[in-house]
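What follows is a set of structures to go through.
Common to both upcoming complexes is chain A, partnered first by chain B, then by chain C.
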Partner chain A sequence: MGLRWYHFALWAGFIILMYAMPDLVSKGTLRTFIFANFLAIFAISWDVLSGRTGYISFGHPFLIGIGAYTTAILTKRFDVAIEISIPIAVVVTMIGSTLFILPALRIRGSYFALVTLAFMELIYQLVQVIRPDLTGGTRGMSGIETLTRGAVNGYYMSLSLMLAVAISMWLLMRTRVGTALSAIGMNEDSVQGSGLSTTRLKLFAFLTGAFVAGLGGAFYVHYLGSIAPRALFDINFVFTIIVAALIGGSSTIIGPMVGAFFLTYLLEYLRPFLPGAERYFIYGGIALIIYIYQPKGIYAVVMQAWERLRSGKSA
Partner chain B sequence: MTVLRNSAALLGAMALMATAASAEIKVGFIGSLSSDTGLSTLRGAEMAIDELNASGGVLGQQIVLVKADTGEDVTEGVKAYEFLAETEEVDFIISGSIDDVSLGWMPRMQEFQIPTLDTWTSYVGIIDMIVEDYDSMRPYFMNIASDEALATLYIDFGKDVLKEKMGWDSVIILAEDTAFGGALTGLVTEALAPNAGIEVVDIISYDITTNDFAPLFAKAEASGADFIYLVSSVNSQVVSSQYVKLQVPMGMTGVNVAALGQEFWEDTGGAGGGISTLSPVPSIGFALDPVNAAFLERYQARYDTRPSVPHFNGYNAYHGLKQAMAAAEEAGGFELDAWVPAMEKQDSVFKKDGEMWLRWGWWGNDEIEPRTGRTYPHNVRFDITEPYDDGAPSMVVIQWYEDGTNAVVYPDKFKTGEFVLPSWVKK
Partner chain C sequence: MTQIIIQGLLLSGLYALIAMGFTLIFSIGRILNLAYGTYLLIGGYVYFYFSQMLGMPKLVGVLLAVIVGAAMGLAKYRMIVKPLKGDHVTIPIATLILAVVLQSGVILVFGDSSKILLPIVPGVERVAGATIPFSNLLAAVASWAILISLYFFINKTHTGRAMQAVSMDAKGAAVSGIDSDRINMITWGISGGLGALAGVFFASYTQLTPSMWVAPLIISVAIVIVGGIGSIVGTLIVAHIIGFMEIIVTALIAPELRGVFTMVLIIGVLVIRPQGLFGREEI
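Let's look at the complex of A and B:
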């Protein structure tokens, strides 16, 4: 797996810093961290599915939404306990992800992206018209049971989940399976030619991505306490997830995390100065500059700087 | 020594200034900063705050306004509420949010327990939440009539005007393919039409990106229905202007969101004559009492960008914010045990020619509205029964005429014009 001592040291340092955060920042800032943590989870799950294999999904909220709606309906309408509803939601999301597999066996590239976008649009329409007594229809549902109250508790909950997901995925991607998934993204035919089953590998990637998306979606709705179709099945939500993964650096675990924190904080820190939509111009401009400078994202910028520093020292 | 003394004096002065700066009442605005409806609430609140500050503020302190944009996005609404509550630590929140955005931040309102006034959302489900869980919902007030009350009065319009006055027996529904369109189509097919004795001949659902309505109007005409019932919230000016330009030979009424604003005529390029829609009060074309007429005059003198006439929620924000601050004066602050009962007692009645005209008061928590047979705690006190002497009507129907003017055409007590067919439609 190529693990080194400094990997663990860096993770440990990061974990200690993050858990100390409630003593260092205000509650308002912690709330921003919570959204950043959830966005990081969604970006990681997208990256596992799309960043690695090259099968770009525009329908990721389809998976997040299945997880979120399943647990919301079970707890709100049927009084199922959260500790039961969340695992069910994750399983249902994984089953739902198999719908992605079918087109992935035949098409790829922009065609696959459009099909996944269609899935999101489909579920957006369905939750509004099919059994609105369960889904809450167009207005969605409010008053869903929450797991925590207060910024500090919400922060610890989202952070723990994000770290568990990030470290698990980091370890998984360092295995041979992770390497094979990345190889699919580079050249699927070569992977097939080497005797590996790309169908099984893709199924594994999609199920893993769906597991994380379903888990994240379920916890997200029990943090928010509300759910609405417009909030989840929205093209802006898709782009936020994809941009977080790409701006941070796809095919890495740290990259989507960095991207999620960067995006969330950029928008929230601009809010007091630019309360309206002007914030998004700044956000778009900065994202554009980063892409032009380094298409592989912030992670690559940092690694380049580190390499320059090291080579400078050794020279 | 002198330097030290001066420095100490300077530090002391700075500390005093800091204390003075923190001694202020913070009001948070949550809503869209880029829509006419959001801006209506914001401007109504700004005007109320400026007037209160000019007369000495509240509790001896000046009021400052902090804005948080939702962009009409549900998740942004949650973030905006958290920003106001935890970063800005506001005392009171005024909202110009739409239904799902309000429902999105509602758990945060329940968590932070900040006094909150909604001026735009009319979803009766939120009033149900107050009925079911008063303790956690008590900081919340909604000073627009809930949609159930609005629908009840609208059914009367179907009976009194569409059926009795116009003599229409059949309708074809032309509804946009959105959740809003679906919900309103349900209201017409299940409540309005059966109660008014009007037959629904067909339902045409159209995509919101539709640019050419000629084939749809041709289908409506071929159906043999007496009139078209339009349900449109997105780009309503497109379908409206094509109805006029194509001179569709049958009447059309319904719910047309673009027609709620004074800019409708401009937005349709002058092709909006004959269009009618329901609207909460006070709407455009509504004859205002002297106090609210003076408010409108001051509004127009102050703002030179759209909306040139505030939507109903602008009035709601203006009066609601003043009531919230009056309740704070009475309660000695915003502590809920004292502020909520003081707010529940607020009642601003505006008369016109000696008659009840507009009212911003509240239903008693256990008081039953006689017609719907249910309670409406923390909902504005509306009246849905003639002669409307207990409150303002929950809605009116407005119509645009071919000369670019508009008027209220229903209920009779408030009408400033007649419901008429466009000139090209044969009776």
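Let's look at the complex of A and C:
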């Protein structure tokens, strides 16, 4: 897998820094960090499913929502223990992701993006109407059992989950499977021509992405303690996830994390100046400029600058 | 029954008008302009600002809305679509970001709360128990008129035929001496103007809210996907299928389920017959 000593050193440094964070910053900042952690999980999941294979999903909240709703309904309505309900939620999300497979076998590009968008709108409308006694209808559910109390515990929980996801995905993407997934994004026909089954690879990407999305969604709902359809199945939520993954740098693991932290921070920083949804004006504007300038994101910009510095030194 | 037919016709006319601008852009170069709904958003708000806040004549408000919409279309083509070279992954994402930026821009200027638009033509007519607001009737009539003139424009004029040529094969069109850049500019301008005009009618049909761009986008997507690419007749027929289904579902089953049929239709058609019901073979 081509692991080098500096990989371990960088990860170790990052982990130590992140775990020391509660001693360094205030409780309010810590809550921002929790949201950044969850956003990073969702962005990594989106990146595994879409960023690498090029099958852009605009319906990622569909997967997150399945995970979140499954565990919320199980714990609240049927008194299932969290330890059991979260694995069930993850499995259900993975089953739900197979709905994406069918279109992905026939259509590519813009059309696939449209189907996933339609899936999200479909579930948004169905959740409110079908069995409102279970899903809580339009208003959603509140009073769901939470895993942690207080900002510090919540931070450790979300951080551990985020790091576990990030490191395992990082290792996975360094294997040959990861390389093949990125190759699909570049040229699907030539991957097929090399004798690899693109159907199986896509299935693998979707199931892995769904696994992470379901896990993130389930933990997220047990952190928040409430769930509402409009907040979840929303095009603005899709926007936040995709922007985090792309601004940081898709097809990397560090990229979505950087993007999630950068954007959550930007949003918090703007709060004193623009309290409401107007913040997205600046946030989206910055995202758009970065994206048009470099579609591969901040990661690529930094790497290019680093290369330039190095070649400048040796010359 | 009469009520369903009348309301269905009015809604379908509006939907056909909404989808028209989207069809044009999607037909030329398969560009998925997810910011299409913001033409309607901006068009509605421009009309609101000039005719209701400044008190200008309504016709001036509509004209200004169309001009702003067309200018937006041109700017979008120049600043986003052309630099990204029509890429199928980056353009949907860039336009989605743009849509959210414009939505929050509207919130920044006009605030978060929804606004009621005065009807363009006041008054209602009652026919067999159905209420027909004149502005909805005007929207339906205008949409029919625009669709017919667009049909003739695309099939009979030189520019329209050039648009068709570019949508079929950009390279071939360039070889025949068509300036595809100019054709693209014209198409984006028309698309923006039509979107803004549809926005004025759509806003008077529902309400003026900063998030009013999502529903028209989904409707146009459904109409274009199901109707097939590059088919004006398909657009018209599918707009009526979707409009009537929404009215029927609302009247007979449950108002909350009105969008479900549309989504099922999009998913079903894309999986079973990706070229649409009336479109040409491709993909």
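The rule we apply is simple: the second predicted complex is superposed on the first by the 311 of 315 C-alpha atoms of A that agree within 3 Å, B and C clash if a C-alpha of one lies under 4 Å from a C-alpha of the other, contacts with A are read in each partner's own complex, and residues count from 1 in each chain.
Here is the rule we go by: a contact is a pair of C-beta atoms (placed from the backbone, for glycine too) under 8 Å apart; a residue touches a chain by one contact, two chains touch by 3 or more.
None of these values were measured; they are calculated from a predicted model.
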| item | value |
| --- | --- |
| Side-by-side fit of chain B and chain C on chain A, or clash | clash |
| Chain B versus chain C as contact partner of A:Leu102, first or second or both or neither | second |
| Which superposed partner A:Ala151 touches (first chain B, second chain C, both, neither) | first |
| First, second, both or neither for A:Asn236, with chain B first and chain C second | both |
| Contacts of A:Gly276 with chain B and chain C, given as first, second, both or neither | both |
| Partner chain in contact with A:Val91 - chain B first, chain C second, else both or neither | neither |
| Chain B collision site on chain C, chosen from 23-31, 95-103 or 131-139, when both complexes are overlaid on chain A | 131-139 |
| Chain C-contacting residues of chain A that also contact chain B | 128-129, 236, 276-277 |
| Contact set on chain A toward chain C in their complex | 54, 56, 58, 102-103, 106-111, 113-115, 117-119, 121-122, 125-126, 128-129, 235-236, 238-239, 242-243, 246, 274, 276-281, 283-285, 287-288, 291-292, 295 |
| Residues of chain C defined as touching chain A within the complex | 30-32, 79-80, 83-84, 88-90, 92-94, 96-98, 100-101, 103-105, 107-108, 112, 210, 214, 218, 221-222, 225, 254, 256-257, 259-260, 263-264, 266-267, 270-271, 274, 283 |
| Chain A residues touching chain B - in the complex, by the definition given at the top | 26-29, 31-32, 35, 128-129, 137-144, 146, 149-151, 224-226, 228-231, 234, 236-237, 268, 271-272, 275-277 |
| Of chain B, residues touching chain A in the complex | 33-34, 67-69, 71, 73-75, 78-79, 82-83, 86-88, 99-100, 103-108, 110-111, 123, 125-126, 129, 133, 178-180, 182-183 |
